[in-house]
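Some structures are shown below for you to check.
Common to both upcoming complexes is chain A, partnered first by chain B, then by chain C.
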Partner chain A sequence: MPKNPGQIDIGKQFSRFPAGRTAKDGEYSGQVFLKKLLLPALKNHDRIVIILDNALSYGSSFLEESFGGLIRDRILTRKEFDSKLEFVSSDEYLLAELASYVNDATERLNNPDG
Partner chain B sequence: MMQQSVLTTLMDDLADYIAAILVVVGWVVLYRQTLAMRRREEMAQSVQLVIQTVDNIFHLSREYYSPSNSDHISYLSAEIKGKFVLLSKYLMILKAAGMQFDVKVDILKFKMLSTGGHFETVDFLQQLNQPNWREELTYSGLSLRYSIERSYFTWCNQKLNIKSLLLPSI
Partner chain C sequence: MKLSLQKRDRAIAHVMHLRGRRKNISKRKRQCKHKKTAWLGKRPTERISAPFAFNIHGDQNRATFIKFVTKIRDAVIFRRALVYLDFSKPEVLRPAAVLLFVAELDRMKRIVGNDFAVRIENVRVPRVSQVLQQVGVYDICGGKNLRISEEAFDDSVKHWRYATGVRAGDETNEAFENFEGRLSPELAKGMWKGVSEAVVNSVQHAYVEPRFKSGPRLGHSRWWMFSHEKEGELQVIVCDLGIGIPRSLPLNWEPGLLDRLLSTFTKDGNDVRSIRAALAVGASSTGAPHRGKGLQQIWNTLRNAKGASVAILSNHGQLSWSGVDQKEFALEFGTSINGTMIIWTVEIETDAKEPRPN
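Our next item is the complex of A and B:
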């Protein structure tokens, strides 16, 4: 059991319409999500459940920046990512998409020339 | 002589039973075939909705990534994302109705190409500079269509064979 579990409901705590990659793309971009919610939560919690269902939909840039970015920018190792974050969604294709961004970021980090 | 007479009577009695059983089995097969065909028509309509959604996304993506589009976050981007949600839901309905899919990889590829790394970013039109992007997008859309249609035909074959028409579940 994690000592200090946390929860982020993106749709309720951030935006129902998250979009974009960096802050210049808009106020509900992946970078803003990282800065405002995810990074502080990672500091304060051993494990975080991220609820995806209450946002209307997710663009590829937002997902890649928010979650692939954690690996790409070496904020978390892949092992830490898997042990600290849990994603909840009724949409199996969304979960698969998210996993693919994380896998790609891991792959690029491990094989920068590949 | 007497043994032969008993055998003939028995055969006559059995013939009546066999005829009755054949009538009932024939009726069951016919009834279940009608149900299966009705179900097949309903599934065909749902599959058409899925394919139509894939086509819509393809055209919306072309429109979004065209030099005439000036908004990185707009109705177009919202509609593309919304259609992907719709696509997931349609596929979940078909799966719940008994169709088996192996389209996850195709959907992921199609989504990554129809949205892409620059989606909803201020420099979104850079997507047009990705080598072979247009060709890859077209191919992935068609590939997804094919995978869905193939799943439908496989399902039809399973539902209309004689075993499934005789066995209790439909």
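Our next item is the complex of A and C:
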């Protein structure tokens, strides 16, 4: 059991309409989500459950920046990512899409020339 | 010469009037100098006749419509003229063309600021006047005297909605909430994915270079959006007035690589080939491999929904997918919209709840 579990409900705590990559793209972009919610939560909790269902849907840029960005910017290793974050959604395609961005970021980090 | 008192007073009044006018002009000149804006002196007046059809999906109508918009743009931006738009002819208003018209007017107003003076006159068809009011043309051009009560609006006009903004945020969310209730949850999800990516794409890629070779720039990234309901269908359109995909694509990809890719789409015109290439490789302007999936999501997100259609228009090209016919259509036009427009059409549920009031 993790010592200090946390939870982020993106739809309720951040926005029902998350969109975009950088703060320039939008008020509820991946970069803003990282800065306001995810990074502080990572500091305070060993394990975080992220609930995806209450937001309407997620564009590729938001998902890639929020979660692929954690690996790409070396904030977490892939091992830490898997152990610290748990995603909950009734949409299996969304979970698969999210996993693909995280896998791509890991792959690019491991094979920068590939 | 001795004047009667009455004549003397009249002469003095005339002199005072002229003096007042000169004083007023001097004051306006000083204000212009202070604000660093051009002194217009005697402003030219131009009358431009609007075409019968506002339509950008057919070659002939499109050419006439684009010519009309170009005339307004030249008069307002380059000659700072007072422009009267004669609306006695228009009878057919297609949403995409109306959005382009509103977006162009809004862009002009933002560029020339207080010098913007476009007036609408002679609107003959009541429905045309209702649409112009509903989509905000009268707000932009100041057509207070033309306004009518919204209760008298035709049903087909009541559901036109217009929004604009500089990034994805509260304006986009509010605009989306206006029609979200008309969609099934699955369609709403797909639609939001597409709309938000279109808005983000316009912010990231559309304004990286000047839109035209000469003339002032807007100075920021802006998108415009329409939603429109008719006969069980909802149409959502997002547009930007930037450089378009055909111009942004070469900025991001090595010429050799891009040429090889473009050469695989031999049947199409140049701009349609660019749209296809952007869909194939992503449209990242950063060259970073983790970016550029937005356009693919825009294109693919609603393809499986029943009766859904999507169209990407950029400069001269148009690539559409019709869910009804399960076919792709590509068109290369002689005239350019000088920007990018994405159009989604979906069937709406007749028993869905009413849209939230504004």
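The working rule: the second predicted complex is superposed on the first by the 114 of 114 C-alpha atoms of A that agree within 3 Å, B and C clash if a C-alpha of one lies under 4 Å from a C-alpha of the other, contacts with A are read in each partner's own complex, and residues count from 1 in each chain.
Please note the rule applied: a contact is a pair of C-beta atoms (placed from the backbone, for glycine too) under 8 Å apart; a residue touches a chain by one contact, two chains touch by 3 or more.
None of the values given here were measured: they were computed from a predicted structure.
Asker: Clash or fit: chain B and chain C on chain A?
Answerer: When both complexes are placed onto chain A, chain B and chain C end up clashing with one another.
Asker: Using the touch definition from the top, say if A:58 reaches chain B (first), chain C (second), both or neither.
Answerer: both
Asker: Classify the contacts of A:27 with the two partner chains as first (chain B alone), second (chain C alone), both, or neither.
Answerer: second
Asker: Just checking: does A:16 make contact with chain B only, chain C only, both, or neither of them? Give me first, second, both or neither.
Answerer: After superposing on A, A:16 lies in contact with chain C but is clear of chain B.
Asker: Contact-wise, after the overlay, does A:105 reach chain B, chain C, both or neither (first, second, both, neither)?
Answerer: Once the two structures are laid over each other on A, A:105 reaches chain C alone.
Asker: Check whether A:93 is in contact with chain B, with chain C, with both or with neither, and answer first, second, both or neither.
Answerer: first
Asker: Considering only touches as defined above, state whether A:72 meets chain B (first), chain C (second), both or neither.
Answerer: The answer is second: A:72 touches chain C but not chain B.
Asker: Let me test your reading of the model: by the given contact rule, A:49 touches which partner, first (chain B), second (chain C), both or neither?
Answerer: Neither: A:49 stays clear of chain B and chain C.
Asker: Using the superposition described at the top, list the residues of chain A that contact chain B and also contact chain C.
Answerer: Touching chain B in the first complex and chain C in the second, residues 17, 19-21, 24-26, 56-62, 64 of chain A appear in both lists.
Asker: What residues of chain A sit close enough to touch chain B in their complex?
Answerer: 17, 19-22, 24-26, 56-62, 64, 91-94, 96-97, 100
Asker: Using the touch definition up top, name the residues of chain A that touch chain C in the complex.
Answerer: Residues in contact with chain C: 15-17, 19-21, 24-29, 56-62, 64, 68, 72, 101, 104-105, 108.
Asker: Name, in rising order, each residue of chain B that touches chain A in their complex.
Answerer: 72-73, 77-78, 81-82, 84-85, 87-88, 91-92, 104, 107-108, 111-112, 115-122
Asker: Could you pull out which chain C residues touch chain A in their complex?
Answerer: Interface residues on the chain C side: 167-170, 172-173, 176, 180, 188-190, 192-193, 196-197, 199-200, 203-204, 289-291, 293-294, 296-297.
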